[in-house]
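Okay, so chain A shows up in both of these, paired with chain B first and chain C after.
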Partner chain A sequence: MSNEKRIGVYVCHCGGNISDYVDVNKVVEEIKKEEPDAVIVKDLMFDCADASQSEMIDDIKKQKLDRVVVAACSPKLHETTFRNMAKRAGLNPFMLYHVDIREQASWAHENNRMGATLKALAHVRAGIAYVKSAEPLEKIKAETTRSVLIIGGGIAGLKAAIDLSAMDVNVVLIERSSKLGGHVAELGEIYPYYTAGSEIVKNLVDELSGRGNVAIFTNATVVSYSGYLGKFEVKVQRETSEITLQVGSIIVATGFDTYKPYTGEYGYEKVRGVITISELARVLSTAAGDGSAELIYDGRKVRQIAFIYCVGSRQKPPEDGGHANQYCSRYCCNAATSEALTVHRKFKDIKIYHFYRDMRTYGRNELMYESAGRSGSIFIRFDEDHPPLVAEEGNRCKITFWSSLIENQPVDMYVDLVVLITGMVPSHNEELNRALSLPVGVDGFYKEVHPKLRPVETNVTGILICGTSQAPRDVRETLSSASAAAAKAASFVLKRELELDPFVAFVDPGLCEAHQECIKECPYGAIELIEESGKKMAHVNSAKCKGCGACVAVCPTGAMQLKGYTNAEIKSMIGGLAR
Partner chain B sequence: MVDDVKALGAINIDACFNCGTCTAVCPLSSGSSSFPRRMITYAQIGVKEKILESPDLWLCNYCGECTKSCPRQADPAETMMALRRYATIEYSPPGVSFISKMIYKSKAFALSFLIIFSIIPLILMLSLHGSINSTSIMLFSFFPEHYIDIIGVTLGIIIFGIMLFGLAKMYFMTRKGVTKSNTGPVRILKWIVEFFQTIFKEVLAQERLDQCEMKGWRQRLSSEWFIHMTIFWGFTGLLVTTVLGFLLPTAISVPLANGIYIPITEPIRLLGTLSGLFLIYGASMAIINRVNKSRVYSSYSYFTDWALLIFLLLAGLTGYLLEMAYYLNSPLITYALLTVHLTVVFDLFAVAPFTKFAHAFYRPLAIWLSRSHNYI
Partner chain C sequence: MSNVNFEPKILVFSTNMISDPGIDLAGMSHIDYPPSTRILRLPCSSMVRPEFIIYAFESGFDAVFIAADGGDCPYLSDCSERTARNVQRAVDMMKEKGIDQSRLRMAGICSVCSDAFANGVKNLYDIVKGLGPVNGSKNA
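Presenting the complex of A and B:
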């Protein structure tokens, strides 16, 4: 490459978002003055507009530009836009640098125009310095294995397996317990269409059976994994043997546990006739009733039932900062009103008193709430600070409640059955979490990269989450997220080759003295020690490397560097900024 | 208990989901008070004591705003009325409460009750009457005055006894309720002052009912307040007339017994005549409203609602007819009308403890207790 560099600099007004505070003309004039290599320095109303992009492409072609600096909004927004523009113009996309002068200059310093202008100028100088020492980079290509491992054989896992299988992807589904279907298999009728849980599971299993590309292992758990997106290697423990699977992506669908009330919580395990909604669901799923039957529970004829909501959910954090389930479990209000409707439908003359904090029967479930209220359910609100008390009195359960909607005086009433509407808690998966190093949020559920933009991905590329392993969900939402995860997994493994960002670590063989600090530090196991022509040195597996730079920081000899952010590039940027 | 209240008119009470719209629109509800929602909730869950310990039921004016704005058509206003009926039954002494319950629950029973209580005075009159002078009207020869007095006073004492029992029960229960929720100590002076405030402002002037925004005199004449005022004053006036007639025999009884003409300007007679007019106007208007169901408070009518109004109207009408027959000097018609009039009046008092009439006792007590205890 010749020493002469032909740089194009495009400073954006962003309609005024930038130029109202940053003196764009001054930036252009200064760069023109001080930068002989900048062949073109322009300001544009909107750099991202189609016309502006065409103008840039023209410039690159006609003026034979070999580097471009775009000074505009945040690269988060339009870096890809401009890199694609460079590609179309025949320029290596990584020879373009996107400088942020909106979020970091104009918006941040609205009350200091001079300062904002100087800061924008410094950023543009740094960008120019970067492109001067930039090297063309190529995206990393990785081969993929056309198969997906699904962990968890509940409805989410089954649904994901069906979807992937239909897309001609090989599926291995492993389930920790001895049978498929998880919690849902044990449930009776489920809102909104009153299909039994076991029926739903049966439908899913039937749909899955007879497919040549699905393997199901029950009583199987994950021992460890290695590899990267497109090429994972997972060791799975089956009853007697350990097997190794080659998969391109992994879907975690491990579900939830039901919250178990502590002894004495609303009289649980202390007062006779206090049960959880799961126990009620089991009773109802086997009870026949045509509307004239009587409900007998534990030898007691049930005429009045109290439902107590938000048990184990929306907990107040304790004073000492201990753990509390602060989240709303989301399914319970709906499940409880649904069970109430089942009770009203099957049995005669049963009153249900719903002690709730806030009814959250969202969406169409509102109709269930509406109809429960007209079928014999009474809704009574209580405040977080004044939960109802449950005690045993005679052969009945005595409920003492306070309701700010009435007059905040204690009111006593008697019921035959108390049902605690318990929420969902994260499933106990410590071993799996260790094996896959899965990220867990403050609530204990698996955490996605971004709740809106990347809802089924984890920060380990290629490992996806769905269903109630991620957050409390109902059946519909669980199945939707399972389909979403299946589609995402397919988008990885259906390509023969994956393109990954080129910003990975590389070793300067001349400088590496095999200190192995980098190997210890790498969180992704991407670095190994190799021997080349008799010399031991570090080697980076580009497909595994995420470009975090941890190895660069610990390398004592400076042999480890990051593509796209080499020491030379960073130094020249600092030089540009400090000018 | 819920089923009992439903049988008394709170048909749609289950539909309530405690939104509080009723409380928000209720002109009686203020600040932190949850009137009438708390009564509806207590009724829904069947907390009997809370309902009987509260004056709320009797404070309600039945303006109907809550029912008009209820998003679930749970009809809170009618529920309040059903609870009044329930409370009337509960406050009554044991035997009376049973009869009362049956009257509300069974039309057949109510009708038989009325027939029996109409037959009793008829039999009394037919078996006790004296000589029938068909040429000139000798009222007290036909039916001796002291019989009327004895029967009237006996009935009065029984009715008053029943009501006193109810009032005492209500007083002790409700005082417990208002003491629980009141904000400060009750001073004896306030207790007394509020007693007179209640009598004058609430009972005599019916101040609470006069909250309507009707402007013109035509509208005011047909307002709930005016109708209720005319019934109240008409009834009270006639009661006073009767009592004065009993206490001052020389004014009415003696001349009547001797066939001496009593001029219209005679104070006691004037009071009776005017009161009768008031009563007839009020009772007719109330009946028309109920027939037309023109307002929320007149859209549901129970047997006892009709019974009370019809007896009031009949008492007024037969009284006038009686007077007319007397001055037209037709003895036989006069005797017949006297028989009917006394039967109707007997019935009116006999059904009082079982019907809506009970509110004439319970409501002032509730108002007094709530005023003196800073309740609501």
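Presenting the complex of A and C:
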């Protein structure tokens, strides 16, 4: 490392967002005083403005700056902006460090100007300390295969396949069962436009057929995968043969399972006339009614129906800490009111009593709820601790309920059909989860990196999730998330070459004593033991490394480090922050 | 001993994708927490070497707060356990050096856990304010 360092420091006012609470001038003056290597220390009204960036580029070139610190908003907003600026100026982008003095200083401590200023100063010092020990880094380049594997042939998988095919990306779609369409293919009319599920599936399948760049395999499952974003190799089991696919990205669209009530849950499988919403949907999909028909179920004329909501959803966790579906299944209130409207529309004089805990007919679905109330549906709220009881009495189902309106007074009523409004549960995919090492959240659905910032990505870069494999969703939400995943996958594979962040682990060979703690710690199998000129040492496979740094913490000698976050860089930052 | 003018300096280890956004949110929501906190972000809390923690105390920090990824970690499902193991090793090292272990705190801070962060840091601040500076002699 050369001793001569030429650092540029740019402290942002953010138009007052920072300078109203942080004494920006004081920060600049202090750094000027104490930091001889800081050739340029400036405050700018907006660091991110085009003019400011041009000024920085000018400074970098004319003053031969080799390191830059930008002190501004959160790096989540503009780190990429400034790294790109550095690149345009001919400076290695990783010789620039972005410190936060807005979200974590001016906005956080607006009542304490001195405190906010000292904090901002400390963060700038840390940035300077970082760039002083920083080394130029190169992004990892990876070639891409222009094709995507979609796992799951339900509406999400079909939609993603259509979108990708239209973007000129080769698609292989595999489906575990023998037919396409998943659950939706079996559904009757679906809100909000009362299109039949089978119709939706047919439209999607028709749109896919005849496309030269789509291959569909049914009765096919994933056996294993290797590789990384841009270059995955996936082994797929088809009826009798195993095939190997080369793809650039993978979309998981494996859908959900319907919650199956346990025997005796609200009389299920014990009391005649107790069915689930899926069974009702099947009955209604084949029933032709013009508003004057009679509904006969199981030989019984149906005049009154009870809907019981939140079955298998929003469960209380048991005392012993066992499993419970604590989440709201999101689609059910809407689906149930929609089915109620279908009943009212097709049949004459049927009353539906909706026993609900909380109605969640969000957005425009609220109109269905209103409409149901006007069409012969009555909504009765029950408390979580006092669910209705279902029993068989005579030729009918007896419901005993405690309404929040009639305190502590049990009320009996008789109906001909009880419909359990069951939620969605995660699909059973243990083999796939093992094969792809997919992350599963607390509710058992696949988990995205970040619900807002990276909603379809998993922590395995290049493997994306969508639809109800990720969370309970309705048809509209499922299709939008499928399109989102397709767009994301295309953004990967349409580039010939990908640039990945260079923040991967590396070994300082001089320090490594082959303790192998890192190998045990790495969940991605990215570290192996090698022998080099007679010395055993750890070696990192950069393509497999995700850059968590778990290996760094357990290394007894400090040999294992993370690029961009080396032990020296971190220690120098701690020193800078402590001053 | 406790000094009214003593401002405990707290080093916070945050994580790029989870707790740092949570800390940002505290600022965006103008939630008050001690300004004598300094924040250093890493990819994942499981990366915090016990040596970093000791180095922070040796550099003059009076407390260290690890804003861990918790269950939201995008890298490791058992991130909390791994981080906790490293923290335990740091606690052992602190004992050897005679540093009160209540100066070190780990808490899962999710990307929207701004209140949890502010409360956690405030609480640590109060405890360390009572303990006095880490070196026991000079004021910060």
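Some notes on this structure:
One rule holds in what follows: the second predicted complex is superposed on the first by the 416 of 579 C-alpha atoms of A that agree within 3 Å, B and C clash if a C-alpha of one lies under 4 Å from a C-alpha of the other, contacts with A are read in each partner's own complex, and residues count from 1 in each chain.
Operating definition for what follows: contacts are C-beta pairs under 8 Å (C-beta built on N, C-alpha and C of every residue); 3 or more make two chains touch, one makes a residue touch a chain.
The structure displayed is predicted, hence computed values, not measured ones.
By the document's definition of touching, of the two partners only chain B reaches A:I406; chain C does not. In the superposition on chain A, A:G376 makes contact with chain B only, not with chain C.
Of the two partner chains placed around the shared chain by superposition, chain C is the only one that A:Q104 touches, whereas chain B remains out of contact. When the two complexes are overlaid on their common chain A, residue A:H123 makes contact with chain C while staying clear of chain B. With both complexes placed on chain A, chain A has more residues touched by C than by the other of chain B and chain C. In the superposition on chain A, A:L577 makes contact with chain C only, while chain B stays out of contact range.
In the overlay built on the shared chain, the residue A:Y353 is in contact with chain B alone; chain C does not reach it.
Of the two partner chains, neither chain B nor chain C is touched by A:F46. Contact residues of chain B toward chain A in the complex are 2, 14-18, 20, 32-34, 37-38, 41-42, 44-47, 50, 72, 180-181.
Those residues of chain C that touch chain A in the shared complex are 9, 11, 17, 20-21, 23-28, 30-44, 46-52, 55-56, 59-61, 71, 73-77, 82, 86, 111. Interface of chain A with chain B (complex): residues 351, 353, 369, 373-374, 376, 378-381, 403, 405-407, 409, 411-413.
Against chain C, in their complex, chain A makes its touches with residues 74-76, 100, 102-112, 115-116, 118-119, 122-123, 126, 439-440, 442, 449-450, 453, 459, 503, 521, 523, 546-550, 552-555, 558, 562, 565, 567, 570-571, 573-575, 577-579.
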